[in-house]
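First chain written, first letter: the chains are A, B, C and D, and each begins at residue 1.
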Amino acid sequence: MADKANIGILGASGYTGSELLRLLLRHPRVDIALLTADRRAGQAMRDVFPQFSPYALPRLVAIDAIDWPSAGLDLVFCALPHGTTQAVIATLLETAPNTKVVDLSADFRLSDPEAYARWYGHAHQAEALQREAVYGLVEVYRDEIKGARLVANPGCYTSCAQLPLIPLIRAGAIDTDEIVIDAKSGMTGAGRAAKEAMLFSEVSEGFNAYGVGHHRHMAELDQEFSKAAGRTVVPTFTPHLVPMNRGILSTIYVRGTAGKGPEQLHAILAEAYRDEPFVHVLPFGEMPHTRHVRGSNMTFIGVAKDRRPGRAIVGAALDNLVKGASGQAVQNMNLMLGFPETLAIDQVALFP
Amino acid sequence: MADKANIGILGASGYTGSELLRLLLRHPRVDIALLTADRRAGQAMRDVFPQFSPYALPRLVAIDAIDWPSAGLDLVFCALPHGTTQAVIATLLETAPNTKVVDLSADFRLSDPEAYARWYGHAHQAEALQREAVYGLVEVYRDEIKGARLVANPGCYTSCAQLPLIPLIRAGAIDTDEIVIDAKSGMTGAGRAAKEAMLFSEVSEGFNAYGVGHHRHMAELDQEFSKAAGRTVVPTFTPHLVPMNRGILSTIYVRGTAGKGPEQLHAILAEAYRDEPFVHVLPFGEMPHTRHVRGSNMTFIGVAKDRRPGRAIVGAALDNLVKGASGQAVQNMNLMLGFPETLAIDQVALFP
Amino acid sequence: MADKANIGILGASGYTGSELLRLLLRHPRVDIALLTADRRAGQAMRDVFPQFSPYALPRLVAIDAIDWPSAGLDLVFCALPHGTTQAVIATLLETAPNTKVVDLSADFRLSDPEAYARWYGHAHQAEALQREAVYGLVEVYRDEIKGARLVANPGCYTSCAQLPLIPLIRAGAIDTDEIVIDAKSGMTGAGRAAKEAMLFSEVSEGFNAYGVGHHRHMAELDQEFSKAAGRTVVPTFTPHLVPMNRGILSTIYVRGTAGKGPEQLHAILAEAYRDEPFVHVLPFGEMPHTRHVRGSNMTFIGVAKDRRPGRAIVGAALDNLVKGASGQAVQNMNLMLGFPETLAIDQVALFP
Amino acid sequence: MADKANIGILGASGYTGSELLRLLLRHPRVDIALLTADRRAGQAMRDVFPQFSPYALPRLVAIDAIDWPSAGLDLVFCALPHGTTQAVIATLLETAPNTKVVDLSADFRLSDPEAYARWYGHAHQAEALQREAVYGLVEVYRDEIKGARLVANPGCYTSCAQLPLIPLIRAGAIDTDEIVIDAKSGMTGAGRAAKEAMLFSEVSEGFNAYGVGHHRHMAELDQEFSKAAGRTVVPTFTPHLVPMNRGILSTIYVRGTAGKGPEQLHAILAEAYRDEPFVHVLPFGEMPHTRHVRGSNMTFIGVAKDRRPGRAIVGAALDNLVKGASGQAVQNMNLMLGFPETLAIDQVALFP
């Protein structure tokens, strides 16, 4: 690899695609060499996202038109819909095996083919790659990611639940049969597909839960929590939609195991993240706001006392498009390509 | 009382005051005889709330300027801040004992003087009235309200938790040691006082929990849940702020007692509210949206299955200014004055 | 007609359709006998708009399935898309000539077949009805509406420009060559069709002009302003989208003719609307807010002095779904069926 | 000056102050040496703006506690309220004459003492500095700014009107007696002071004009337009509030002078800004959206044809806190300290 890496973004017409571009346009070690968007092929990026109007960028192409070996890409971000992704990546890695891939879809997050088939209703089409893929939550799998060729970028909801819970589960500090995660997401989490339920007038001035009892992000939580606990963990998880663009807040209800009160849980988290650049634990009793991480790669975590003895309320906030998707993906890229981990993703939050 | 009742609103410059006026201006059996707002005394209602510009209304006066006996009021709505209320109502009922009162503050909601002192930090100043006051959740206390002189209108958060939970607690259908209420409110619930944290730019495009572990509405929940259960009940309750004007959504996590699965819980609620004009239970598995009750006196309730066996997720949505405050207050007035219960509060929700 | 009129709503799955239903459910003189929605035929209204869940309503049917004569409808509201409307209404009035129609589309607003063809790109398919139709701006055409069989309900933008300008034009008080209308609309004005540009995340936290120089509502303005002036009037008109659900604000820049300063323009408007129930002229210098008319059938008008001598700034605000569409349509119905004009549309604005 | 400049921010508890900090924390050539906030003195920046919680920053101090000479500051940003600013800066520059100042208030924007007195109601307290100050619109006064000690950062509304209009006025391409500027701003433009009218519930879901005919930014427009024209120019200017945090959109109505149609006006602007890093002229007929410049220092300009012959509609969009305030201020600092002009302010817009 030369001084600068050649980067491709597959699926540049969606929100995670444009967010990757926002970050990478200010990354000093990458060149944007390829942008795809099948339905918008032939158009300029500014036709799809006018905020890029002032920048010189390659024209959008269709994936089928790409010859991977001659594309000369060092790393590809794959921001395609679930399902179509696995075939694309299989082809890419077969024909250009030295290219690295950060996949932002859910296709490679579950390592167990059976779990995948159960949650997605069909067999995985690239099981060898499914086994090869490294789960890309940097704070948990940093070392594995550095050597990986294919990284499965975590889901936004699950990142916002794993970061506050994994250290507590690993420490055996909470009852893993009693985890309730009440999660709230901004609307960009629902993507850019034109659906009636996502129209401004349908969303504004309202609030609701959805996918109650059966949201697919649960599979990812089960896998990672169970791995951290060394036993099967099945949390309750309820997602909600907030009339805002960006941000996820998790309010998590836990019971400490013997001797672990809220203060101890807080201490465990503060210690776990003391040196992490993108996870910040607030003073005990303070709870995070999504607005204070907007546009940044930061996760804020807070712990407060419940009035029921032995119970704690843990809060976590991140920007679903940054630490919950594209910022996390660039963090993974930085590790995979040997760049400083925080390069181009160290912006301060945009508030208000 | 003549064909029309003479009505006063104390505290007409706040949101519950203006919402009372919105409803009462279309009530065929009342005359607005008195509007108070101490800091705006002498002004017209239109100076405080321009939407009333087209209507003929009495000028705002200060409470101290009122001679209660000569005011000739049949019923007074008291929408004053907590704390100042009890002295005002004590004076009013002493000097004009035939006037009826619906109080929208928290001052008369707790029937136990000790609980009041513990939560509010000072002794109650009108303990006899505290004993006399009837708790004004119509669906629970309809008969008592009909004969009451002083009704304590319930809090918005608590209404949105009591309506879905009281029938389940009464039926012994849920484990009362395991209730988690994750509540989300629109910003009008925070009132109209000018505070930095309530500015548009501080609130928009963000989401957060607040008052974690110590919100005063808990006292009201404890009282009513314990009364319904016949034993002490202490739920977990976490309020959040949603960037919207109106609406409360409660997402409630419960465990059914032996033999009571989510479907049974749904059946209990559907039966309990079958004939209620202002509580609507959605088909099993559907969850309520705040937007579908906006501006109406309706409460929507939904029940869904959690994937953890034996557990259910119960949702409730209401408009905090209507069924959570002023609509509930007019419903109480209708009962106290012998009017049809739904008069002037049967508007259909305003969506979008 | 019996004591109650039988009413049909064609196109009940859009926002103007649901808004008609919201108003008519509280109208004491109508029965909802028919609701159509071609793509949702067979479904219940609650499946399309959950806020109607508590109400008993006829199931949605397809228009082609209706036999107009046997439907026995006294009046039909037509809330169908432009273009498809004229054929539907022609069939309806041919087979059930005693039914009255209020059409909320643009199909019958232009009385000149040539103007229609020029703006819409095809010949009108029901020219006789086009000639018969009465333009339904009540404050201008009240008498004609009372006897009409077919009323063309005005556009939302145009209502918000005509109400403040028609009296000034009629009085010869402003230079009709120098009218600039800068209009801003909430998102419900764009309808309920699922389009990327209307998604919450595309709209929230942003503001823009659109249709600059060629919005079709201009044709309606030209027609009505020219009629009022007795000469051709071609105003400048620029629409904008506001990240809110409801409301239109027009900011209008005018030059008074000799001797007519801003105060005189204000006096003309105040006099013109002194007895109108749904147009309210604010004191001189006060400008209207859309929030103060939200959910109501009211229009607020204000006039202020520009600092350039002889020039005035005129503001008007209305709720695009009420006075700008469905409230105006019910007002027309009330006149056409001989009901009191304000019946069921006299709600007070919902603020906040 | 060493490799890094020592920077102070006066008034760090307001939105322009925090926005300066957001940008400067990623500026490679500055150290944040001083932060003031009189009412919050002694607190940490994180207590005032929690998004800065992860960063090491000096504690807030009161201005009176500063000894300017020993503070050793190379440049001070002054983000204090109008009026108090001039005395603070006079003291600063008297006691530490080598410090440079970028003032974000209105205090030094008007160069004419009489104009200042007329618009602000009192004599200027530092007339010598008023004469010395350079007006800080970089695209117009770049050379003067490079050598300036005191720069008066332009107002947000005025920047968004000057950038599209100054080249047209200078070229004599528009009739300067016929300029109408209809401006719309997000709520951060109103600052962070706790006022009832700025509460979320007062602002959300509504739209209105304000300050009609007498907004103080007019004085700045008059001065700069008249300077550009070589004769007195008095435009019509009407500001509005949009329920969003950031962004200003100007819709400007102009008449071309003989031979200058909309296309010619577009060509003049495109040529004027061809090499400017922060002003981007869209293709003819496209109009700008505020959302596409959010969080960036970019201004987007568009020109479209009005249907009235000879007339054009010019649109401009910028982020009021960046190019309209703090980004412009950093751009000024970069020039004053000899840094590359785009350093730390070249972020891509945050959309959605």
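Basically, a residue touches a chain if its C-beta (ideal position, glycine included) is under 8 Å from a C-beta of that chain, and two chains touch if they have at least 3 such contacts.
Chains and their UniProt names: A, B, C, D = N-acetyl-gamma-glutamyl-phosphate reductase.
Worth saying up front: this structure is predicted, and the values here are computed from it rather than measured.
With centres defined by CA atoms alone, the chain at the far end from chain B is D.
Looking at which of A-D and A-C shares more C-beta pairs in contact, the answer is the pair A-D.
Averaging Cα coordinates per chain places chain A and chain B 40 Å apart. Centres computed as Cα averages put chain A at a distance of 46 Å from chain C. Note: centroid distance chain A to chain D, computed from Cα atoms, is 36 Å.
Counting partners per residue, chain D has 15, 186-188, 201-202, 204-205, 243-246, 289, 291-292, 294, 351-352 as the residues that reach two or more other chains. Taken together, the chain C residues at the contact with chain B in this complex read 15, 18, 21-22, 25-26, 49-55, 187-188, 204-205, 245-246, 280, 282, 289, 291-296, 298, 300, 346-352. By the touch rule above, chain B contacts chain A in their complex via residues 180, 182, 184, 186, 201-202, 204-210, 212-214, 218, 234, 236, 238, 240, 242-247, 249, 251, 253, 285, 287-292, 294, 304-308, 311, 313, 315, 317, 351-352. Residues of chain B touching chain D in their complex: 15, 186-188, 192, 194-196, 198-205, 243-245.
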